[in-house]
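In what comes next, subunit A is part of two complexes: it sits with subunit B in the first one and with subunit C in the second one.
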Partner chain A sequence: MPLDDQTPGQKPGEARQFKVVGTRPLRPDGIDKVTGRARFGADMSAPGMLIGRVLRSPHAHARIRSIDASKAEALEGVKAVVTRADFGAGDDDVADILDNCMAGEKALYDGHAVAAVAATSAAIARKALKLIDVDYETLPHVVDVDAAMKPDAPVLHEGLSDETVPDGVSQNVVHRVEFGHGDVEAGFAKADKVLERSFKTAATHQGYIEPHACLATMGTDGIADLWVCTQGHYMVRNTCAAILGIDQGKLRVTASEIGGGFGGKTTVFLEPVALALSRKANRPVKMTMTREEVLRATGPTSSTSIDVKIGMNKDGKITAASADLRYQGGAYQGSPADMGSMTAFAPYDLENVKTVGWDVVTNRPKAAAYRAPGAPMAAFAVESVVDELAKGFGLDPLDVRLKNAAREGTKSSYGPTFPAIGLEATLQAAKDHPHWKAPLGPNQGRGVACGFWFNFGGDTCVSLNITPDGTVTLSEGNPDIGGSRASMSMMAAEELGIPYDQVRTVIADTGALGQNEVTDGSRVTFAVGLATIKAARNAKKVLCERAAMVWGIDPEAVEWADGCARPAGDNAGKFPPMSLKEIAAIASNTGGPVAGHFEVNAEGAGVSFATHMVDTEVDPETGAVKVVRYTVFQDAGKAVHPAYVEGQFQGGAVQGIGWALNEEYIYGEDGRLQNPGFLDYRIPVASDLPMIDTVILEIPNPGHPYGVRGVGETSIVPPLAAIANSVSEAAGVRMTDLPMSPPKVLAAIQNG
Partner chain B sequence: MSQIHVTTKINGDTTEYLCDPEETLLDVLRDRLALTGAKEGCGTGDCGACSVTVDGRLVCSCLTLGAEADGCEIDTIEGMADGEKLHPLQQKFLEHAALQCGICTPGILVAAKSLLEKNPSPTEEEARYWLAGNLCRCTGYDKIIRAVMDAAEEMRRAS
Partner chain C sequence: MYDFNYHKPGSLADAASAIAGAEDGKLVAGGMTLIPTMKQRLAAPSDVVDLGGIGDLVGITVGGGTVTIGAMTTHGAVAASADVKGAIPALAELADNIGDPQVRNRGTIGGSIANNDPAADYPAALVALGATVVTNKRELSAEDFFTGLFDTALDEDEIISSIKFPVPEKAAYVKFANPASRYAMVGVFVAKGSDGVRVAVTGAGDDGVFRVTEMESALAGNFSPDAVSGISVSPDGLNSDIHASAEYRAHLISVMAKRAVAAAG
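For the complex of A and B:
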């Protein structure tokens, strides 16, 4: 049977005609989510359950001399107390994660966990925390990235710098990376103008509305179960098993519905602690974080300090570009300085380009991934300089970007040569859009910027089972964070030629499938979709074989079309088609149940580009900025469910608006976070915003059977720069420091 | 510590419970009555995920004591649909894809219902300001506002 990527009857070169993909059906988990029935991390209970709470360091940097928990342990209702002493050494590759979940010799940031209790009620657990005596020796601290790099800065970890780090900087610099090609100095020498600017961005939090939560049950035999809100329950299983020294197969992890993640739920915080408490108390333990804990102790993104230098000719051609990107990643190595360095100039076709990235540790919570980690800050700096140069020459900023745009065959600034990509299409769509020509009011400015994200594939398993009545159940291993179950059901229905409502997709627990990479890297619709299509094709092969058996013909002479097996070639028309339902009904008598599965380390994710256009209005009296119009242009490859693609575009843009205008981690002189709550860490609210218009471009990804590209992350890359370019125009002064909060904008206007 | 006996009506059903004096209505709903539709996003009244109505007034149940509910009528997301018939707001949220992760959805629906009871014809700006106390991190609010405006129009037509 033909199993290529074309629909039956489709001629080579013709676009595939879809029946389900590209439509907007209701999501399968929708009714649960509008009626309050959907069960999130904190919504699960177990008989005999205890409540766990964490004691956190009030110091930014302190040696832990001793911990005395005896009074807490003596309190009625307290069933277990754990400290670092209750964890073994653990594997080397999870050492930092363990130390972040439960401090060892030192508390490295305000909010760092130092002990935890499990008690019969939350009130008793809270009371018990106050009875734990921790003897701290406070140490000098550093929270700013540039300060942390200085040779005399307080050092978090001795001897952590690797061989890439040059002499003369602090040991807080862990790693240095370099990317690029050509000769930037020669390129700058050829430019009509060379512009160098420095930028700063504040740390921001992913700001998911659901705090971290889990329910752990672990017996003395090492058999354990965990219910948890996470972007990757297979990752949770593997990490917890390594930390606790148990076999991965003995820990079954079930992913709850997840109330947002944006990268912040791609690691563990409470989970190993809850398991350790459960093991010690021999009872189920539920743990949830408060919002204050989420902000103080879970992954914000890096704050950064970036220098960009670009040489441009007066016709707009860039002759050379370089950037120095300094990212602090909190108390442990692993800031996304590398990805910032790789993405900074990715939208451009450059002869001479060089980026240097610095991974720096500071006394802040360990940075976690945040939607296109590392890229938005780099794009902010680069796109600001491109904009200033273009405007300086009196050129149209979209024309300048089109002139330098990366295209098929461009050797990217980070190495690979691009296949078919959609950057030019987004720029052209922006240029042709009415928004570009619309008049601006007083104190308003318009900004544009481009953004790039790699996208990712990774380990993926899908199992597609056909029930005796011919409906389809699809098991996949990636938490559905924004409607992916709908997309999987749609792709399975498309491939099988059956209605969407005949497929139910579930997120299987870790016992049901092989390894699955975390829901990250915008990988799910691409990779799980690819595996779903391949699993469906494997099932169709079996279905065709069963029909061939009934008809007594060669299986190769059967094709699958419109939900039925049909005799093909010489046998065409000899037998009436057999539907999926009919074959399912006789499956038991023709060899047994029918299923298709597919396991892959998916490659060919297909990079993604976007262009954003935004109008802002600056109040010259207060410095307050209002976003008055916003349009997103992004390549989706193929939009499986366009409404949820639009949702990703809009959500990313608005997170970027928050990052650009409001959100920041504010530290006091004492190194403690001053704004650990949604009142003072202010994410955008409905009254801050206009509608967010979207334009979906579809430049098919050659690596996916339907052309799908991930769309989740690229949408947060351009907004910081687009808004900065817009505000700079409106305010009449170049803004280089995020967030552009009213006091900063006002000061910039007043200082000219 | 002695507990307080509370008699209330929740989604039309008479309900009795004992609660600690310092226990929030949100904790009572979630931990004692297994009504987990209201969510705790912040515990400080900033995110609106715990929105319910008390005698028709929209409140953050995380800022209301369980004991305060004595003699009151509480409505939660669990009581919004009429049996198997969804409220127009619930239906429009599905049709407009006005939710992604769904954690803020119960609170936003409760708040939006409260808006439309007071103001059946809100402008977009009025809807945006009424819902400014309900944080959503996924959607950028675009589709939420469209769903609320569409539901308002449908409810006006039906009345």
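For the complex of A and C:
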């Protein structure tokens, strides 16, 4: 039977005609979320449940001499207290994660967990925390990335630097990476102008609305269950099993509805602690974080310090480009300096390019992934210099980008050669858009910038089951943070030739499916979509076999079209088509239930590019910046549900606006976070923003049956740069330090 | 929450005796500051006396060149009042820009001024307009009422019943809001009335609301933005915090004052 990527009757090379994909059906979680019926992390309770709370370090850096929990344990209602002593040595793979969840020898940042309590009420748990006596020896601390690299900086971990780190820098530098090709010095020598600038960006938090929460149950038999708000419950299972020293198969994890993650929920914080408390107390334990805990102890992104040097000819051609990118990733190794170094010049076709990235530890919470980790800061620095050079030569900044744009066949700055990509399409769409030609008002400026993200595939397992009445349930293993239930249902419906509302997609627990990579890397619509399509094709194969059995013909002589099995041609015999419902109804008599499964480590995630255009207005007397118009141009490959795609474009732009203008982790001299709350740490809200306009480009990804590319992350890469370019034009002075808060912008204007 | 005694008297007199009889009592109006403070254990009163049951404390009346606003009148009610909009539009506008809708529908003018948060909006209006604070015991001028950071002239058992605002010839309030909390980083209320011009600043002073007399004199002779644009305020005694330095706040005072004068017309 023919089961290729074409619709019946479609000629080779012709674009596929979709019936469901590309439409905008109602989202399946809409009613639940609007009515409050949706169950989030903190919405689950169990009989006999205890409440867990965490004691956190008030010091930025301190040796833990001893912890005396005897008074807390004696308090009525306290059922368990755990410290690091309650955890084994654990796997090396999870050593840092465990140490971040529960400090060992040292507390490494303000807010670092040092003990936890489970009690019969939240009030008793809070009271118990005050009774735990921790003897700290405070140590000198460092929170700034440049300061942490200096040879005399306070050291967090002795001997952590690997062989890539040169002599003469602090042991806080864990790792150094280098990418590029050609000879940058020779390239700079050929340039009409070489411009070098330094940039700084502040740490910002993912700012998800739902704080971390979970409910853990672990019995004396070693069987455990966990309900949790996460971006990847299979990851939670594997990580917690490794930390607690139990078999992965003994721990079943169920993902709750999720109120945002943006990368910040791709690791664990409370989960192993809740399980350890439950194991010790032999009771279910529920834990939720306050917003203050979220800000102090969960992953913000890196703060950075970046130098960029670009040589350009007066016709706009870049002759060479280099960057030195320093990222602090908090108290443990693993900042996204490598990603920043790989993405920095990815939009450009460069003969000579070199990037060097430095992974640095500081006394701050361990950085977690944040939407295209590492890329927005690098793009901010690079796109600012490209913009300044272009304007210096009196050239159109979009023309300069088009002149140097990476295209199919370009050897990328980080190694691979690009297949068909959409950067030029986004730049051309930007140039043709009315926004580009619209007049600007007084004190306004317009900025553009490009951005790139790799996108990812990874381990994926789905199961598509057809019920006796012919409706379809699809089980996937990835929490839905961006509309994946809708898009999976749409792709299954498209493939099976049935209406969207005949498919329900559920997020299955870890007992139901094989390993699934976390919801990260903009992978889900691509990888889980690919697996869904293949699972549907496998189900169609079974459906065709059942029809063949009824008709008494060869299964190869049956094809699936428009939701029905049909004889493939006149020679196959003349039988009326059998619908999915009809075949489902007789499934029990023709061999049993009908299902389709698919498992894959998905490759072929198409890279993605975007161009953003933004107008800002600067108040020259106060330095306040207002975003007045914003348009996103991005390649989606194929937009399965365009409304969700637009939402991803808008969301990325909005988080970028916050990062560019307001958001900032502010530390005091004592190394403690000064603004751990939304009254002092402002994420943008609707009243801060104009409508974010979107233009979806569709340059199909050859690696996906429908051409899908991930869209979730690329949209946060260009905004920092686009806004900085816009503000720099409006203020008449180049802004190189984020956030561009009013005092900073005013000072820049006054200092000229 | 911990245990405390809750009282909801129906009259000002009962409220006064409840608070007088409490070991460590606190009055609660809209609760926009006291409740979160109690939740954080920064306050732990033995008794909370809720003024929400005293109907006499709510309402707005205009007459004889005076706007009288009951202490328990919410910001939302002031913002929406046709009487206030007609008599002192700057006051209605100020109320309309306090916090967010939730705060405006719970928070009250009496609660705000009794708390005397250095970044609150109302203190600037009271001082600039030359308002009178009426309590169960006496009447106080706004300037005598506000005594310092989170501090007022109120006695322990003294309760605000209303605030009387003389209707000015012209007035305007302009603030530079903190982007997160919407509290005033600097707010300047300018009013021209029968007894001259007053310029009151909130958000900036270490000690709460204050007047800028140099600007007042300049405006008395020439009520125009130009009259104040050249007058700078010393950063000495101004707030410096994570949001802005004292120097930036000093700069904003001149800018906001100029804009307020322009808005007042």
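Heads up, the rule we're going with is that the second predicted complex is superposed on the first by the 748 of 752 C-alpha atoms of A that agree within 3 Å, B and C clash if a C-alpha of one lies under 4 Å from a C-alpha of the other, contacts with A are read in each partner's own complex, and residues count from 1 in each chain.
Methods note: a residue touches a chain if its C-beta (ideal position, glycine included) is under 8 Å from a C-beta of that chain, and two chains touch if they have at least 3 such contacts.
Just so it is clear, the model here is predicted, and its values are computed rather than measured.
**Student:** Identify the partner contact of A:136: answer first if only subunit B is touched, second if only subunit C is, both if each is, neither if none is.
**Tutor:** Neither subunit B nor subunit C is touched by A:136.
**Student:** After lining up the shared chain so the two structures overlap, which partner does A:633 touch, if you call subunit B first and subunit C second: first, second, both or neither?
**Tutor:** A:633: touches no partner chain.
**Student:** Just checking: does A:624 make contact with subunit B only, subunit C only, both, or neither of them? Give me first, second, both or neither.
**Tutor:** second
**Student:** For A:654, select first, second, both or neither according to whether it touches subunit B, subunit C, the two together, or no partner.
**Tutor:** After superposing on A, A:654 lies in contact with subunit B but is clear of subunit C.
**Student:** Once the structures are superposed on A, label A:678 by its partner contacts, choosing first (subunit B), second (subunit C), both or neither.
**Tutor:** both
**Student:** Regarding the shared-chain residue A:227, is it in contact with subunit B (first), subunit C (second), both, or neither?
**Tutor:** A:227 sits against neither subunit B nor subunit C.
**Student:** Just to be sure I read the superposition right, which of the two partners does A:706 touch: subunit B = first, subunit C = second, or both, or neither?
**Tutor:** neither
**Student:** Scan A:662 for contacts with subunit B and subunit C and give back first, second, both or neither.
**Tutor:** second
**Student:** Counting touched residues of subunit A, say whether subunit B or subunit C comes out ahead.
**Tutor:** B
**Student:** Kindly classify A:482 by the partners it touches after superposition: subunit B alone (first), subunit C alone (second), both, or neither?
**Tutor:** first
**Student:** Please identify the positions on subunit A that touch both subunit B and subunit C, taking each partner from its own complex.
**Tutor:** In subunit A, positions 123, 678-679, 688 sit in both the subunit B and subunit C interfaces.
**Student:** Which of the residues in subunit A come into contact with subunit C in the complex?
**Tutor:** Residue positions touching the partner: 123, 621-622, 624, 661-662, 666, 674-675, 678-682, 688, 742-743, 746.
**Student:** Which positions of subunit A touch subunit B when the two form their complex?
**Tutor:** Contacts found on subunit A: 24, 26-27, 29-31, 33-40, 42-43, 45, 123, 206-211, 257-262, 288, 290-291, 481-483, 641, 643-644, 646-647, 650-651, 653-655, 677-679, 683-689, 691-692.
**Student:** Residue numbers of subunit B touching subunit A in their complex, please.
**Tutor:** These residues of subunit B touch subunit A: 20, 22, 30, 34-44, 46-47, 49, 76-78, 80-81, 86, 90, 93-97, 99-106, 109, 125, 127-129, 131-146.
**Student:** If we count contacts the way the header does, which residues on subunit C are in touch with subunit A in the complex?
**Tutor:** 2, 176, 179-181, 242-245, 248, 251-252, 255
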